[in-house]
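Below, each structure is written out as structure tokens.
There are two complexes below, and they share subunit A, which is joined by subunit B in the first and by subunit C in the second.
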Partner chain A sequence: MQIPLSSDVSTNVTLANQRIIRTPFQVFRRRLRASTMTLTGVAMVLAVIVLAIIGPYVAPEDPNEMNLGNRFMAPGREHWFGTDDFGRDMLSRVLHGGRESLMVGIISIAIALVIGVVVGLVSGYFGGWFDMVVQRCIEVMLAFPDLLLAMAIVSILGPSLRNVMIAIGIGGVPGNARFMRGLVLAQREREFVDAAIVSGAGHGRIIFRYILPNSISPMIVLTFMGVAGAILAGSALSFIGMGAQPPSPEWGAMLNQGRQYLRTEWWIGTFPGIVLVFTALGFNLLGDGLRDVLDPSVGN
Partner chain B sequence: MTTFDATNALAGKRIDRRTLGKWGAAAGLGIGMAPTWIASAQDGIGGDISIPRSGDVDTFDPHHTVAGLSFQAFRHIYEPLVSYNMDLEYEGILAESWEISEDGLTYTFKLRQGVKFQDGTDFNAAAVKFTFDRVIDPVTAAPSAGWVSALKETNVIDDYTVEMVLSENFAPFLSNIAVEYFGIVSPTAVETYGEDFGRNPVGTGAWQLKEWAAGERVTLEGYADYQNFHSYADNKGKPLADSLNFLNMPESETAMAAFETGQVNIMGLDPNDVRQFEDQTEHTVYKQTDVGSIAFVEFATEPIPEGESGVVFKAPFDDINLRQAVAYGINADEIIATVLEGLAQRNYGPMPMGLFAYDPAIEEYGYHFDAEKAKSLLAESGWEDSDGDGVVEKDGEKLEVVLWTWTDSTLERVIQVIQYQLGQVGIGVKLEQQEAGALFANLPDPTPYNLVFMIWGWSEPDILYMMTDTNWGVGNYRDADYRGIVTEARQTTDFDERKALYFQAQQKMLADAAMVPLWTSESVSVVRKNVHGYKQGPGGSDVFTEIWVED
Partner chain C sequence: MLRYVAYRLLAAIPVLIGVSFVVFFMLRLVPGDPIRLMFVNQPQPSAERVEEMRHQLGLDLPVWRQYLRYMGNLLQGDLGYSYRSRLPVGPEIIKRLPNTIKLASAGLAIAVVIGLFAGIISAAFRGRWLDRGLMLFTVLGISVPGFWLGMMIMLIFGVQLRWFPVSGADTWQQLVMPAFTLGIGAAAVLARLTRANLLEAMSQEYIRTARAKGLSNSSVIWRHGLRNALIPIVTIIGLMIGGLLSGAFIIESLFAYPGVGELAVKSIQARDFPMVQGVVLFVATCYVLVNIVTDVIYGFLDPRIKYS
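What follows is the complex of A and B.
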């Protein structure tokens, strides 16, 4: 009796295992589908990306064309989003601005990712006094609020959208480097690293062939979650005049322009505000969703 | 020859659109309300006058600053010897009368008797001598000293007679000292407080300093023994209101919200905000021409060694065709009608419209907007748009220039339109705004910029001399003919002769396209209905002594 019973159990276990074990991608897809929030985020981000790509082609007018006879026209048939204080078509400006905001988000995050990963890898892998020095520098940088650090960098480099990307990128480096270092420390002691060392692999090969691939995915998620923040930071800098320069239709700059008319011509500030909120919300939902999906410690 | 520090003059008198109390002194009548203070001068009058401003006072010492924001506060504490009546003729304030010698070199002032400073010190000839000696003493390093550079010495004749001796004939002298920068200070207070006089100002004016919370507010209170000698004043004594407050509110939205709740009750408006105050049930709007002001675009220039003449415009504007292209390319009328909401008047020459030497006939010599003409001038000099990107190039180099001005929301809009208009004729313009202080510090080095949007204000036609006596832009325009004319003009006392000379000078400047004159602006103040007795004095300055505020 004992044996059939145990055999039954083992059969059950096998069945259960068959039901649970899936490829990571299948798990990912299943969790993704389960989360409406994440899907909403995906849809919103896709919408923004599509807009940024086709926006300039579908915009009805030149975004910088001033038509001073048509100032302050309320949203209507002729100008869906109204016109601003220079008689420029707001819809065309909002459509053109998407590309700039998205570019700030992506490029600055890419800068932060690349530099942060390299610094974190090298620092975590070699350790010792080198790690010590790098980490103290990072702590100094972390002591500054992100936006303040970015403002300081822009004021040194001069106000322009390109410098804003550099500033936000540099501002994101210390956090990324610190995070990456933690991941590297966890990997460095693993057996496959010992095995690589024994088999005579050089530092470069160990870092990039073994440690990097095994620690990069949490890094990617972290980065994705930062896009919304970077877009908002870029807009904030443009809002205070340190980023996009006139006549650029950057959303933050347009928000600042519209701020002066909120009591009378609400549409000048409202539409750039709405698209900015939409974009940030989309990236945030997507980032949160990705974390839930990829983090095994968060329920199933 | 005089060395006039016009940088400081500019900083002191530049038009700050967000602030009240601009001082101008020429054409234009003050608009006054009925003197309600008479009817209600018994009980219940008082209250607090509160005015929002974009920044703070740096010092109350009139001899240590030319900042407009400081002037607007300390002009209520001190009084000059002479000032203007409503017809913009000179009238005695602390001086009862004065005489100018035949040769124009000696000014003799008879002073008022029985006037006391706010600290009880007697006002007399010694105080006047003390004040002017302090101004011209190199130790004081008064930035306004250049405005009286011809003043050689001040002599006490008797207790109430003082004589000022000039080293050369200097027509703008009386006008230049008719301003509170040359207000008479209490010698006792200056000696008592020394360096701290700037925090403990004592003059003979209607208001005295009660409290200065730096960066926040300035509170002045009425001077009990004040005697008002202005002919336009109905109240000849102490101000009616309990206090006069200047509040720091750099954001115009904050100021407007404070105005709505009554936290502030008198406010200067940006042209842009005027539309929001069209319904005048809760307040009254006052408009006034900034009589002594001229807005213009100037070109970067290399400095000219002291004493030499000529002018070196920085490339590419060393080519007069390019300077003229800018002059033809800017449509000033369009800017006035739109972003300035009509609150300016087109001025084709550099002479401010409110000054006596202004002559509308200058229009004939000015530049009238003509985009095609601008393009053809560029083409004539070899600048053409061959790659179709809208910006002209020559020898493979694009015509892209940098325009500077100071941080100000109205100017921000103005320069964006200029950027667009010049872009239409093929000149690519990059804009840069800096804090006023930083801008004036950076202007002497012409390397990083090509164009400057500038506003100058002064109450005397001598402005045409002063604006070519700085160390940047049109300040380095030291054309021998031009300098000869404006120098002769400041030494000429005859009205019509001076006017003719200034007309000649303007023609010369326009022919050289040394700068691009645009407009003389107007300013707007808005006053809440519970403020009684508000009126404007000569040149649109605010008169606060007759105001009382209902709770």
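What follows is the complex of A and C.
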């Protein structure tokens, strides 16, 4: 029996079908376009990444080239961001520093992500005494406020940018591991995991084929939301002399140098701060947007 | 309730033992001989004197006995001696503690007042320009590093306008700039959470009932929405205290404010490990205890929570 369809009805059916067959990527793109804040964040982050890549090539001068005849020149046509106490061009230093600050954010977050995911996966999946021991260790680590833990670790390892990355990375592990464990526990109860067990899949296959792919998305959102915090924590440690060492043009280290001249040469402590805020703002806007777009279940 | 408090305090004991364990091993992980580290920038003592000191401090004992000795001292309030000043660590921390408590409390007060107010206004004007503007400010608030904000506040209000002194901790005027610097980031976080919680509370059915009764908009928000939205915020405020304490490290150092944080930063820079160890242990213990207090307050505020 044929059911006569009016043209209106058939259009509606097609539209409904289109809505159904939209791929996750299309949904993602659609939601992304709808948010001005997220798009602004994307543009800002892209600008920072591009600057970090091409910055050293377009910088007018060598960031560490001293010129004592040019000390403390105010921002002007010759030196857009002025010069510092060694006569070094501030614009060139800011452009070179982007790489270091971005690297701190990305590497420390990657350390926290990888270790946190592995610990959370194993602890949540196998449970038992291992889980209990890991959870107690996490509780102890969470008893130290983030920055304090990072400071304690750097004080042992010694001040350097590499150690700052390790310290911030380790500081992020307990939170990530606990979050990942929660996700794994939720996935472990799902029917497809039971089905995999019944069909004879081994632990490795269940973890990597079923549990990890289904729980990683909120984890990545959480990680992305932490990039700005990691960049700021890295610069904070450099600011108190525990991170990048002179003559590094890392932004936090430059601000540390700038605070000595705050009363008279304001520009040394101002421009690196502005780019730092711009970078953190971009990542925070993007992180917020990604959370709304990808996973509304991860709260504020 | 009392049973719950006792349970939480008992459950905190293994965590605190774990914390002491981490802090104890912190010092053992530092590369170099601890006795030699005590004499950095000073003439090194003779080999006999080093051995004598090693024995005196118990550093020639097996590690587990060293730990027991450390715990024994700790329980008697002995946190060891500073490498730098040779003075006991505990009294030095206690001496500076009131300043840090003053700063953290003032910062928290600023955060709570600004954060709650901005969050409520934002939720009340949801989707309008005021809401969007405030939310943009809050993202900016969490993106500005405290130390740079502090520098800019110091530059404008301390150096240019000369409204407030740029360092010290004797008068309330000296507290204004560091407290504001410390509080503003926390205010941004609180504003976002208040807005989100209030909006969620306002979508509940009891709000519809309140409106159906004919209550005014402000009465619905203040008496019904906010009371329920505030409960989870109390937990966040408790958790914030840890962040404020460690944030205070950098802010105190920036404003040369003589608190525990400034002491910690100076000690880290001078590699004065017993002092670093003492401060880390002290702050972590405070943090654990504050979390317990927060959970207990949470129970008072929300009668739906049953302690078992």
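Note that in this section the second predicted complex is superposed on the first by the 273 of 300 C-alpha atoms of A that agree within 3 Å, B and C clash if a C-alpha of one lies under 4 Å from a C-alpha of the other, contacts with A are read in each partner's own complex, and residues count from 1 in each chain.
Here is the rule we use: a residue touches a chain if its C-beta (ideal position, glycine included) is under 8 Å from a C-beta of that chain, and two chains touch if they have at least 3 such contacts.
What you see is a predicted model; the values in this text were computed from it and never measured.
In the superposition on chain A, A:Ser217 contacts neither subunit B nor subunit C.
In the superposed model, A:Asp85 makes contact with subunit B only, not with subunit C. Once the two complexes are overlaid on the shared chain, A:Leu232 sits against subunit C while remaining clear of subunit B. By the document's definition of touching, of the two partners only subunit C reaches A:Glu139; subunit B does not. Contact with neither subunit B nor subunit C is seen for A:Gln26 once the two complexes are overlaid on the shared chain. When the shared chain is aligned, subunit B and subunit C each come close enough to touch A:Arg259.
Of the two partner chains, subunit B and subunit C are each touched by A:Gly241. Partner contacting the larger number of subunit A residues, of subunit B and subunit C: C.
Common to the subunit B and subunit C contact sets on subunit A are residues 241, 259, 262-263. Those residues of subunit A whose C-beta lies close enough to touch subunit C in the complex are 37, 136-137, 139-141, 143-148, 151-152, 154-156, 158, 228, 232, 235-236, 239-242, 252, 255, 258-259, 262-263, 266, 269-270, 273, 276-277, 280-281, 284-285, 288, 299-300.
Residues 64, 66, 68, 71, 85-87, 159, 241, 245-247, 259-260, 262-264 of subunit A are the ones touching subunit B in the complex. By the touch criterion given at the top, residues 252-253, 256, 272, 275-276, 334, 337-339, 409, 412-413, 416-417, 419-420, 430-433 of subunit B touch subunit A in their complex. Per the touch definition, subunit C reaches subunit A in the complex via residues 14-16, 18-19, 21-22, 26, 29-31, 136, 139-140, 142-148, 151-152, 154-155, 159, 192-193, 196, 242-243, 245-247, 249-250, 253-254, 264-265, 268-269, 271, 273, 276, 280, 283-284, 287-288.
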